[in-house]
Amino acid sequence: MPRTILDPKILRSLVPALSFAVLLGAIFYVQPRTMSYFGLNLMLNLALPIAFATIAQMFILTVNDLDLSIGSFVSLVACITATWLNEAPLLGVVALLGCIAAYAALGALIHLRNLPSIVVTLGMSFVWSGCAILLLPSPGGSAPDWLSGLVKFRMPFIPFSILASLILGLIVHFALMRSATGAVLRGSGGNPQAVERAGWSLLKTKVTMYALAGFFGVMSGMILVGTTTSADANIALRYTLFSIAGVILGGGEFTGGRVSPIGAILGALTLALVGSLLSFLRISPEWQIGAQGIILIVVLALRSLVNRLEERQA
Amino acid sequence: DADTSDKNVALSNNYAGNSWRQAMIKSWQEATAKAVEDGVVASADANTTAENSATEQAAQLQNMILQGYDAIVLNAASPTALNGAVKEACDAGITVVSFDATVTEECAWRIAVDFKKMGVDQIDYLAERYPDGGPLLEIRGLPGTSVDEQIHAGILEGIEKHPQFEIAREVQGDWTQTVAQKSVASVLPSLPDVVGVVTQGGDGYGAARAFEAAGREVPTIIMGNRSDELQWWKEQKDENGYETFSQSIAPGVSTLGFWVAQQILAGADVPKDLQVPTLRIDQDGLDQGLEMTPEGGVTNKEYTREEAQELISSAK
Amino acid sequence: MTTKRSAAGLAGLARSAPWLFSFVGALVIFAVTLAANNWSGAGQIITAALSFGAFYAIVGIGQMFVITTGPGNIDLSVPATIALAGAIAMTTMGGSDAMILPGLAAAIAAGFLIGSFNYLLIWLLRIPPIIATLSSSFIVQSLAIVYGRGLRIAPPPFLAEIATGRVLGVPILAIVTILLAVVMAVVLHRSVYGRSVTAIGQNINAADLAGVRVGTMRFATYALSACFAAFCGVMLAAFSGGASLNMGEEYLLASIAVVVIGGTSVAGGFSNVSGIWGAALFLYLLITMLNTLGVGAGLRQIFTGVIIVAVITLAGGRKKGRG
Amino acid sequence: MSPSASSDRPIVELNDVAKSFGAVKALDGVDFSVRPGECVGVVGHNGAGKSTLMQVLAGTLAHDRGEVRLNGDVVAASDHSVARAHDAGIRCVFQELSLCPNLTVAENTRLRHGSIRGFGWRRQAARLIATKLDEIFPDHGISAGAVVGDLSIGRRQMVEIAANFSATESEPRLVILDEPTSSLDQQVASQLLAYVKRFVEAGGSVILISHILGDIFGTCDRIAVMRDGLIVEERPADKFDRHSLVASMGHVTDEDTPAPQSQASESQRRGEPIVSARPPRQTDDQRLELHPGEIVGLAGLAGHGQTALLRLIHNAARHRSRYASVNGKIAFVAGDRQADGIFPLWTIGQNVTVRSLSALSRLGLLEKGREREMEDRWRETLKIRTPDMGDNILTLSGGNQQKALFARALASDAEIIAMDDPMRGVDVGTKREVYERIRQEAENGRAFLWYTTEFDELVNCNHVYVFRNGLIAADIERDQLSEQKVLHASFEGEAA
């Protein structure tokens, strides 16, 4: 069979991009002012930290786990960034490295004791939140100048958030989907036993994936503070659900190590656009929340359309 | 005054999940519908985010900038985390007026309630009722938020003023009735007899039910202007002369935000910081307070253009 | 050597009686609380734990069946359903005892519709359950706002009495919920439905080929979960003196937590009902303990998390099958 | 494989090795060795301990007692590991496949070969696997970029075999093949066996486990017979004949009784069929028909649409379908037991009764007593080797798991039984009993749809449909059935 663009397999991998494009088109139609450098930048710069958090979640999902704590973790990182990293950079850096190490340790714990990740991360979400509240009892702090400078950096022609998402997507794609080590890491989600039988250490893969998740969580929190310029203990709680939804929207699955970094980032951006479209539609406030659900469903229906197509051809 | 009939105003709200916010939105819709009809402004949309989160609201603000509003009236999820977005709005020439939960960004106007005073007043009241003082139970709000911290700071200040009081125990109520009820119930077995319960608004009825369920005498609970609280208070008052007071910021303050924004657009010289008093109901005013409170809602007061102008001129 | 053996013993116990650890955890925490409270107030603590635990248990049971149907199956519409059902029930009842049954029926029917809608999204549009229920929860939340505008209507006196009343010191609601748990345990372990759900959770493909009515069973599961959430909404409104828009919020994580702490496998196909009660008591007693110790908000959260992780680590994971 | 002084030293040597799982003694003191350049066949009934022995060799299971020597050096049980065995040149194709379904063929190859890394690793891995596939299975039709999960079980088996035979910096010296042919059709299987011979001639060693005795006789130099955790007999292959081999495995040896002609066979094709189906892409009006009491065979090369049609028929029993009409209850015996059959968290008993839940229940509640009774009855009937039907299904050996799946279908109230190459990994003795059982059931009016890749099994059928490219290519009556005809139809597709 010739592989055309209508080949469902290819089409399927294009679905996240398609959903994103459809949504963007709808927004351009409703509010033409968004069709500009300024507009895109405004719409997407808050999606960038979500994209990082989504990538963090994706690493966890790759090894068949689920992270219910990423939102509170990013909040904690944001608090650390807006306080320690700003006032005592050395302490801040050590704390952030400690956060990554804590994530790696969680991975080891989950593997060694064969624990359900959901419960462990649920528990950890309280721990992160508690630390954040202790660190920053009421909202405040401020971003280190270099950080807000970096995030606010006005690239010519292409908004920073888009460029950064693109680079992020490509780096993670090459590292996880194209590299030799990436194959082992994904394989340990697909069939852990086989990976072990081939002589690899599952402990190492799990620790690596959790450490990566921690790293991208830290990046997410820092970029978030760079954008908002200050932090609070509840600032990113939403990211937990957003990141899971983003990975799934991007074509990832809960089990079996089937994920797509580029898809996940597109998923995160799509979720951000859902909110924008909503603002532009001028819906009465009591229906705004529901409309968000409806838009999500419409976007997701696209997936099922492609799935159907795939089935028919199978 | 300059003509504002071609101006577009918008409300940005971060949470719609409780009766206070619902009343706030409703007041906005009613007052602005009339203003639009009267040709005062061209439009006054209300926007609310799906979830209570600073990042979502910041995104909402940025979208509003793109929509080209002339003024944004803002009830903020965080006093600082929206500053970036607010600054961008100001830079785009948009008037930003924040109320209730205000923002610290300097380019925005603030219609603030003195939350700290709300805390101090509670202790002052209790000091009058119980000159000998005694232990208290404090119900906190959502941890990590500024309103929670400010009211708490006020309560601490009050206790400094009246050292005969002490906080026996502090529980977390999340500003949610059911959560407050559960937290209070969980602390009761180990709680000494307290003279009063200091609250942040909306938790009073839950606390009262928890005390009743445990078969303990209900101490003086400071109420938060919710109709179930006032109703319970009235029942108790009629039955055994129960005394307390109730205070809250009126949800209708959103309309004040609207009129202040309109005045700014009209060219009025408005100071950046305005104070709005809380709505306080005392023992004698209970019946009148109940009248101002819709069934199942919050005691409300909507503001007019004149009241806004008065507030502005008194602040100068 | 001895530690190794006892660890093996613990793991074995965790496998044969996965529900045990939540009860042990609850018991330990209860003991610590009592000690901190000079060994007084035990009765009051237990009574309160039973009545607040009942709400966790009700939503937990529904969520458990959903989680049992396999990885990725979680019902995120529980909080919104609680809010809407509570509002519908209170409005329909309008404070009158005569309207209790119609109000309850209306709320459960709403739950059934929500569950059906969830499954419709999952089945017809093939939306992964977590996102499907998340999306529909937004819609339900809007409906709840439009329906009640957050106004609180007091429950009928008789219903309030049931929700808060006690028989011989035991909350009526807890008795009802324990009976419900027993019935659902029988359903899970002894009924065709329970077996089918467990089969689907292990291998949906094999279940289909083994003649399990996959579609019907999954539909029933989502409907069941929403109905339980609706029931919880009604009782919660009755218990706390009226429905409010945000009264379901804490049940999003709590409903998942009681299921998994109770020993149900998140990977699906393996679950138990009694552990839910253990976990529900555990969660409530945890709040009690920390409040008794008078810990501040930040530390309270840290302790909560650490204790949850510690309990699950001690309980150990389930051993995998043949290597 | 340079010949050296040590060339005659055994690659691997086991002395008195034992391994128990709880009360089950899977290995009970086994002495076994393999020298370079020989092919050793291992046979034995289901659950005899063959796979366990291989897992000890490959380092995936630690033995409880005895001595393991690799190239002459003793390896302690605690030291024995996959990496160790790998270094010694031992490769193992496990009975339950161990590929990652989410990775491509090339990526799975890389997983096996730690040395493939760095820039251009994909091309390197792809070249490695493609070359080996070409060498073993000419015209295999597998692309190195294909995702393994999308491949049929037979192709997955081919990939796994090729990956294990391929050499990077460390060469395979001993390749263990645990029932490699069970998922392959005869053509592909013979390609594999031919390759094994070439590999052995070139100095490599192979351990071949199979229940198809023809494979063993045609390929192996030496045969070890296992029974109940022991090697009970070990001789050069030419010192065995079929008879003596089967006898030493502990089966009754009246094997040459021809498949009895089922009485129903003449009275077949009348009345309404209970199943009538056609492959969706079939353009002519060729249909598959099944009548009560009939055994219908689905033949052809593996992966040519037989499984798809069986599934279509299975689904059509509950839903309307354009392509099939089914008038009766249907049960399915999966061949790919990991993917389609087993419920891994359940007991053996629960795995058996799952198809009969409604029948075993009253008012929606299962009756434990009746469930137990059914479990025990079928353990007896199919001789499932387990101390307790309450044990987890995964404690069973592969063949016994397959028996449990058989029991599931046969115990049900279904009038139609669809079997998707169901004898994968079932031992000779049991096979014969199951054939007998199927014929009996057919005489009692049950109808069977039986997809098989072995011609020997087709003789049990009243009617055979040969598939090619997803279509029914031929429709052969029982009295006209010949291997020639089936082969002809499988390749040329000319209707017979």
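To keep things simple, chains are lettered A, B, C and D as they appear, and every chain counts its residues starting from 1.
The criterion applied here is as follows: a residue touches a chain if its C-beta (ideal position, glycine included) is under 8 Å from a C-beta of that chain, and two chains touch if they have at least 3 such contacts.
These numbers come from a predicted model, not from an experiment.
Ranking all chains by how far their C-alpha centres lie from the centre of chain A, first place goes to D.
Each chain gets one centre point, the mean of its Cα atoms, and the points for chain A and chain B are 34 Å apart. Averaged C-alpha coordinates give centres for chain A and chain D that are 43 Å from one another.
Chain A and chain C have Cα centroids lying 28 Å from one another. Work out the mean CA point of chain B and of chain D, and you get 71 Å between them. Residue positions of chain B with contacts to 2 or more other chains are 16, 50, 143-144.
Chain contacts: chain A has residues 129, 132-133, 137, 193, 286, 288-289, 292 touching two or more partner chains. In chain D, the residues that touch at least two other chains are 60. Chains that are in contact with each other form these pairs: A-B, A-C, A-D, B-C, C-D.
The touching residues of chain D, when paired with chain C in their complex, are 55, 60-61, 311, 314, 318, 331-332, 334, 339-346, 350, 354-355, 357-358, 361, 364-366, 368, 392, 394-395, 408, 412. Against chain C, in their complex, chain B makes its touches with residues 16-19, 21-23, 26, 50, 140, 143-144, 169-172, 174, 176-179, 181-183, 185-190, 205-206, 209, 213-214, 226-228, 231, 294-297.
Residues of chain A that touch chain C in their complex: 64, 66, 68, 109, 113-120, 122-134, 137, 193, 241, 244-245, 248-249, 253-255, 286-294, 296-297, 300-301, 303-304, 307. In the complex of the two chains, the chain A residues touching chain B come out as 31, 33-34, 39, 42-43, 45-47, 49-50, 129, 132-133, 136-142, 148, 224, 227-238, 272, 275-276, 279-280, 282, 284-286, 288-289, 292. Listing the residues of chain C that touch chain B in their complex gives 33, 36-37, 40-41, 44-45, 48, 51-52, 138, 141, 145, 149-154, 164, 236, 239-242, 244-247, 249-250, 284, 287-288, 291-292, 294, 296-298, 300-301.
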